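In C-alpha cells below, several structures.
Two complexes are shown next, each including chain A; its partner changes from chain B in the first to chain C in the second.
For the complex of A and B:
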C-alpha cells in the first residue's frame, strides 16, 4: 500500500514537473494576424502584407485598437512570413485570420501555391474569408482605418454583409480548397474595389474562377445575385432591382421596381444526344414581395401579374447574359459537371469537361411570382 | 483488516469500564458512598441528599449538572417523603427505574443523569431517571435556509431531534436504534429507519460498521462519517449531512438510514447518491418547473465550479485559436500586462477567495460584511489596476465561487472547489488533453464509487432513465410513482394515482 502510494506520488509529480510548459502558447505572448494580402511582385517573388493587431494598453484602461501593417517580399508565402517574423516582437500566429485578399494579378496565377501554407498547418483558420482585390491588396490594407473602424474588420464585415444579401457566396479558405480541386464545380470570390468617391473599399460583384485561376471576368453585384439564385444559394435576403414599363427612363423615379426575394427555387433540365450533354435549361422560380414601385398603387391583381410577367421576361434575358459570361469564363459555377457525374454518369467525361462546358447551350428561364405588394400601398 | 484482528484490550483507566466488569454493592451506605467517591475521584459536582424512610437512613446520590431539579423534587424526593414507605417501586413516579446490586451500573447511571437511592442495610439500590433535557430553542439552520417550507432545524438534544422526526413520521415502523460509542465519552448515537421498507442488508451493514468503531471519543458526526464511509480518500462526501428534519424525513421515506448524535444538530443520511447533494427541500415547495430549472442550474453550477478555471487556463495558455475573433481581443487585451502565467493568476485569485471565505465565516456578521467589501471590491479592483491578475481571471474565479456556493450542501461545495485545483494543474501542463483526462478520471471515480453497496452516481451510472425525473429535474410529484432504486427498498411504489379524481370528474 505504502509502496503504491509512493509510486503514485512520484509519477504524478514527475508528470507535472517534467512536462513543464513544453507546448504552451500563451495568448499574451502572441501577436495576432488579422488580415493577409498577397500581391504579384515579379517573376520569382511575392509580396505579402500582414495586418497585425497591436494591444499596448488594454481597452478597459483607455487604450484603443490599432493595426500594424507590414509588407515583406519573399520567394514564397512562408518565406515572407519568416521575413515578417524578424521585424515583429513576440510570437506571430495566424490562427485568428479574418480576411485573405488576393491581388488581381496574383489571383490569375495558380492560387494553390499561395494557399499551401494554410492547408498544412492544423491551426490555420479555415473560416477566414477570401476575396479578390481590384489592383493590389497591399493598397487596400494601407488604408489602415476607415473612420474609427480598422480596415481589416471593415472589409471582412463588408464581405459578410454581401453574403447575407446574396451578393457573394460564403467563400472561406476551406471551401476555396474544396472547389478549386473539383473538376465539375467552379466558384467565384467576392471582388473588392477601392471606391475613390467614398475613400473606402466596396464590394463590386464576383470574380469568376476556373479551377485554380481567376479568369479575369467579373459579374456585377446584381448579376451575382441572380447567379446565386440560379444555383440555389439564397441567403437571408436577396433583392432584385429592374427597370420596367414603357415609361422607364422617361422621368425622375419612374422606371424601377425592387423586389425582395422570399423564396427561390432553381432546377436544371438536361438534354442529351449521343451520351453527350447538349443543352441545359435553368428554370428559376422566384417568389417575392414588391419593396419599391413608385409609379403605381397596384390595387388590381392584373397589374401585379403584369409586373411579374415583365420581370420574368427581363430576368430571363439577364440570366442568359450571365450564363453567356460563365461560358466565356469557362466557369461552371452551377456545378453542372458535378450533376452529370452523379445523375447522368454516362454523359460525364471529366477530361473533356473543360471544352464541353463552353460549347454547351445554356438557357435561363426565370419565372417571377409576386406575393405581396406592401402594407398600405 | 489488520485492525479488526487485533485483540480487544482491557480498557484504559481513563476510559469507561466495559459492561462485563462488575463490583458488588456494599451493605452500608457509608461504604457505598466511599466507593462512589473514589470512582468519581472526589468530583465536587457529585451531590448527596440523606433522607430517612420509616426511620431507616437512605441516601440519594446524583450528578448535579445532569439532573433536572423539578424532576428530582416532584418524582423522587416528594413521593418518598410523603408516603414514607419502603415500597420504592410503588412510590417513586420517575418514568424509568432500575434495581441493581452492581456498583458499575450505578457509576454509569449517574453519568447519564440518573439518581441513585441507597438504603441502609440493603445491598441492592435503585436508579431513577431525572435527566435534565434542556436545550436551545429550535431554529432554522443557518447554512440550509429555504424561502418556503419548514423553518425547523435540529438541535443538540438527540431526544428532541427524535421527537421532531416522530412528529413527522407517525408510524410504528419508524425504528430507532441506539448505540454507545466512544470509550471515554460514551456518546449516544441513534440510527433511524423505516422497518419493512429499508433493505435489511443495509441495516446490518450500517450496524456492523457503527459497532466496529473503537475510539476514545466521537465528538461530531464527522468522526462517525470518517469511520464508516467506504472511500475515505475520495474527494466526494458520501453521506449527506443535514440539520433539517424535513430533509431527513424525505430520505427516510426513500428507504435510507439516518444517523443522529447527541450533542450535534447535524445528522447524517446514508447511503446517498451524488445528486442528493444537489437537491433542496425547497424544490418540492415551488412549482415543478421552477424546481426543475433550479435543479438544472445547480447541475450547471457543478460543471462551472469544477471546470471553468481549468478550461480558461487551458484556452489562454494552449489553445487561444478556439476563441472567437471578437472575444480573443478582449481577453488578450486584459492579459497583456499581467506578469504571471495563467495558472499562477488563478491560484492567486483562488487563494484570496478562500482566505476571504474562511475569514468571513469566523467573524461576527457585521464585520464579515466589511471583509466582503474590502476583500471583494477593493482587492478585486486594486489587483486588476496593479496588473497582477487580469479582468478575465477575476470574472472566471468569481463565477466559479458563485457556482460552488449554489450547491445546497456545504461539504460538496468545498469538495468541488478543491477538486478544481488538480484540474487546473493538469490543464496548465497539458492543455485540453490534460483537462479531458482529469475530468475522465473524476467521472471514472464517480461511476466506480459505492457507498454501503449502493452506486453513488445513480441514476447516471448505472443509467436509469426513469429516475432522472427526480434527480436532474423534478417532475410533478404524481409522476414520481417509484422510489429511487439505488438503495433497493423493499417496496418500490410511493404514490398511487393521486390524481384519480381527474378521471372521475369526466363521468
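For the complex of A and C:
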C-alpha cells in the first residue's frame, strides 16, 4: 500500500513538471520567416527584407500561399529584426528560413556582421541557402510572386537546381561559417541576377569570396562548373558546352559540342622550392558522353578521340582562365592552403598565405575522354 | 521473481560505461581542442591507456576486499578516524559531482532547448527521476543502464552521418601539436572520462569477481574511449580550426545543421538521448553519496541517505550560475577529482600492501 502511495506521489509530481507550458511555440501563434535579404544603407546601416509567410486558409481548402514583405532599417541584423517585431502582430520566428540573400554591396563588407545572429541563436536554421544578389536583395524579394510561385521558394529552388547541375556548390549558413573562418580555404556563393528579359531572377554563376568578404569577382556558370569539377565537387549532373571553333562549324551556326560529365577526377600536383610552394598543376580527368553534336556523325573512334582532344585543349585554356580569376580574387577555392597544411606542412605559412597564393603559378590540365555518344552515332 | 542484490558482468560493464559517459561529452572536443589542437583525439586514445592503468589499480584494491565497499574497508586499512574523514570527503566529492552534473545539464538545456522554463523545473526533472532509480536495488540500476545503452547507437549513427561533409585535412598532419602537448592534454581527457571510480562502491555486488570483472572493466574503458574518440574525431573533421575555438558544444552544433525530411532538428534528438546519459551519471554519484551517508550514519536502508544527498545537491545547484561560473567550478572539481579517482585509492592500496591488510575470507 505504501509502495503504491509512493509511486502515486512520484507520478503526480512528474506531471507537474511537464515543461511544455513554458517553452511551447504554437504554429498558429507565430509567423514564419522564409527568406531574409540584407542590403547596405548609407550611414552604416543595414536594411533587412523579410518575407513572412501568411498562414491563412490552407491550400487544400481553397486558400492560396501569400507572402508579406517587410523591410526595416537598423544598425545590425538583430536591430532590424526587433524593428520588424514592432510592425508585425504575431511572434516571428526564423527557424524555418530557407534563403538568405546578400546584396552586392553588403557582401563586400565583413559578412560576419550579418551572420553572427545566425551562428549564435540555437534556433537559427543552419541549412538555409546563402546567395549573393546583383544589386539589392530587397528588389529581389519585392518581386513577390513569379506566376504561382512565391519568390523565396522560386529562388531557393533555383539554387538547389544549380547545385544538382554542378553550377553552384551547396552553400548553407553552416558551410559559410565553416569556410569563412578558414585560412586555408575560400569559397564561392551562387550569384543571382534579375533577368529583365524573363522578369524573374536567374542564376548567374558564382561570386568568389575571400575570408569574410565578397571579392567582387564572379565566374560565369560554365566556368563555375569547371571550377567545381576541378575541386572534385561533381554533383548529380554536370554539362559542359564548348565551341570547337571554325573547323567544325561548316554550314552550321556554331561549332559547339555538349558533353554530359559522367565522372570527373581532379588531382593537384605541387612543386616546391626552398620549402615554398611555387607551382600547382590541377590535373582534371573528365569522362563524359556527347549530348549534342549536330555537325557530324561519329562513325569512327578516331573522330570521337579528335573531339575529345580538342575539348581537352579548349577546357585547359578555360581552366587556366578560371585559375587566373581565382588568383585575381585571391580566392583559394581549391583549398590549396588546406592541402599544404595537411600534406606539405613545412611549406605552409598561414600568415603569408594571402600573398603567396596570388604569386603562385597555377596551371590547369584538363583531359577529356568520351565514352558514349547517345543512341545514335 | 525476486531481484537479488547482485550484478552480473555485463551490468557491471554498463554501470561503468554509463557513469563515464555523461555531461562532459558535449564540451569535450572543445576543451581538448583548446589544449591539444587538432590532435585532441589522439590525446583521448592515450587517456584511455592511462585510465586502464588506474582501473588496474582500483581492481587490485577492490580484489583485496572483495565483499566490501570502500567505505567499509577504509577503516580496516587506515583506522577509524582517518577512514571517517576519507568517507566524508568521498561523500562531498560525489555530491559535488552531482551538483556539477546538474548545473551543466541545466545550462545546456537552457541554452539549447528550453529557454523560458524555470531552473527548478529542469533540475527537478533530473532529481526526481534520478532519485527514483537510485533508491532501487543495484541490480535495477544495472538493468536500467544496460537497457538505455541501446540509445548510444543512434547517437553514433547521427554523428557518423555528418562524416559525409567531413574534410580529413582538418586534422592532418597527425601529431602537429607535438608529443608534449598531446600528453599534457591527457589531464583534460581524464577529467571528462571520470566515473570509473564507481567500481570501488559496486565491486562487492558483482557476481563473478576476479578476472571476469576485470574484463568487464576493461571493455567498459575501451567502449568509452572509442565512443569519445569517435565523437571528437567527427567534430574535428567537420569544423574548420577557428570554428572549434568558438563553439563550446561542437557535437550538438554539428548536428544542428543536419536535417532530414521527417526530423528537422537532429540536435534536439541528440540532446534528448544525451539527457539519459546525464541521468545515469547523476544516479551513480547519488548512489555513491547515499551509500556513504548510510555507512557513516549506520542506517539499515539507503532511502533517506540518498534523498538527503539529492536534496543537498539540488540546493547547491540552485545557486545562480552562468556558463563562466560553472566552468570555473568544474575546473576546481577536476583538480580535486584526481585525489578521489587516483590519489586516495592509491594510498589505500599502498597501505594495505605494506601492512598486509586483506579481507579474511
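We take it that the second predicted complex is superposed on the first by the 349 of 377 C-alpha atoms of A that agree within 3 Å, B and C clash if a C-alpha of one lies under 4 Å from a C-alpha of the other, contacts with A are read in each partner's own complex, and residues count from 1 in each chain.
Just so it is clear, a contact is a pair of C-beta atoms (placed from the backbone, for glycine too) under 8 Å apart; a residue touches a chain by one contact, two chains touch by 3 or more.
All values derive from a computational prediction rather than experimental measurement.
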Message = I'd like to know which partner A:98 touches here: chain B for first, chain C for second, both or neither.
response = first
Message = Touch test for A:181: chain B only (first), chain C only (second), both, or neither?
response = second
Ask   = With the two structures laid over each other on chain A, which partner does A:65 touch: chain B (first), chain C (second), both, or neither?
value = first
Message = After the superposition on A, what does A:27 contact: first (chain B), second (chain C), both or neither?
response = first
Task = In the overlay, answer first, second, both or neither for which of chain B and chain C A:272 touches.
result = neither
Request  = Once the structures are superposed on A, label A:55 by its partner contacts, choosing first (chain B), second (chain C), both or neither.
outcome  = first
Task = Using the superposition described at the top, list the residues of chain A that contact chain B and also contact chain C.
result = 19, 23
Residues of chain A defined as touching chain C within the complex = 10, 13-14, 17, 19, 22-23, 122, 126-127, 172-174, 177-179, 181-185, 335, 338-339, 341-343, 345
Query = Which residues of chain B touch chain A in their complex?
reply = 315-321, 323, 325, 328-338, 341-342, 391, 425-426, 428-431
Complex contacts: residues of chain A adjacent to chain B = 15-16, 19-21, 23-28, 30, 32, 34, 53, 55-60, 63, 65, 93, 95-96, 98, 123, 125
Key: Residue numbers on chain C that touch chain A, as the complex places them   = 111-118, 121-122, 124-125, 128-129, 132, 167-170, 172-173, 176, 239-243, 246, 256-259
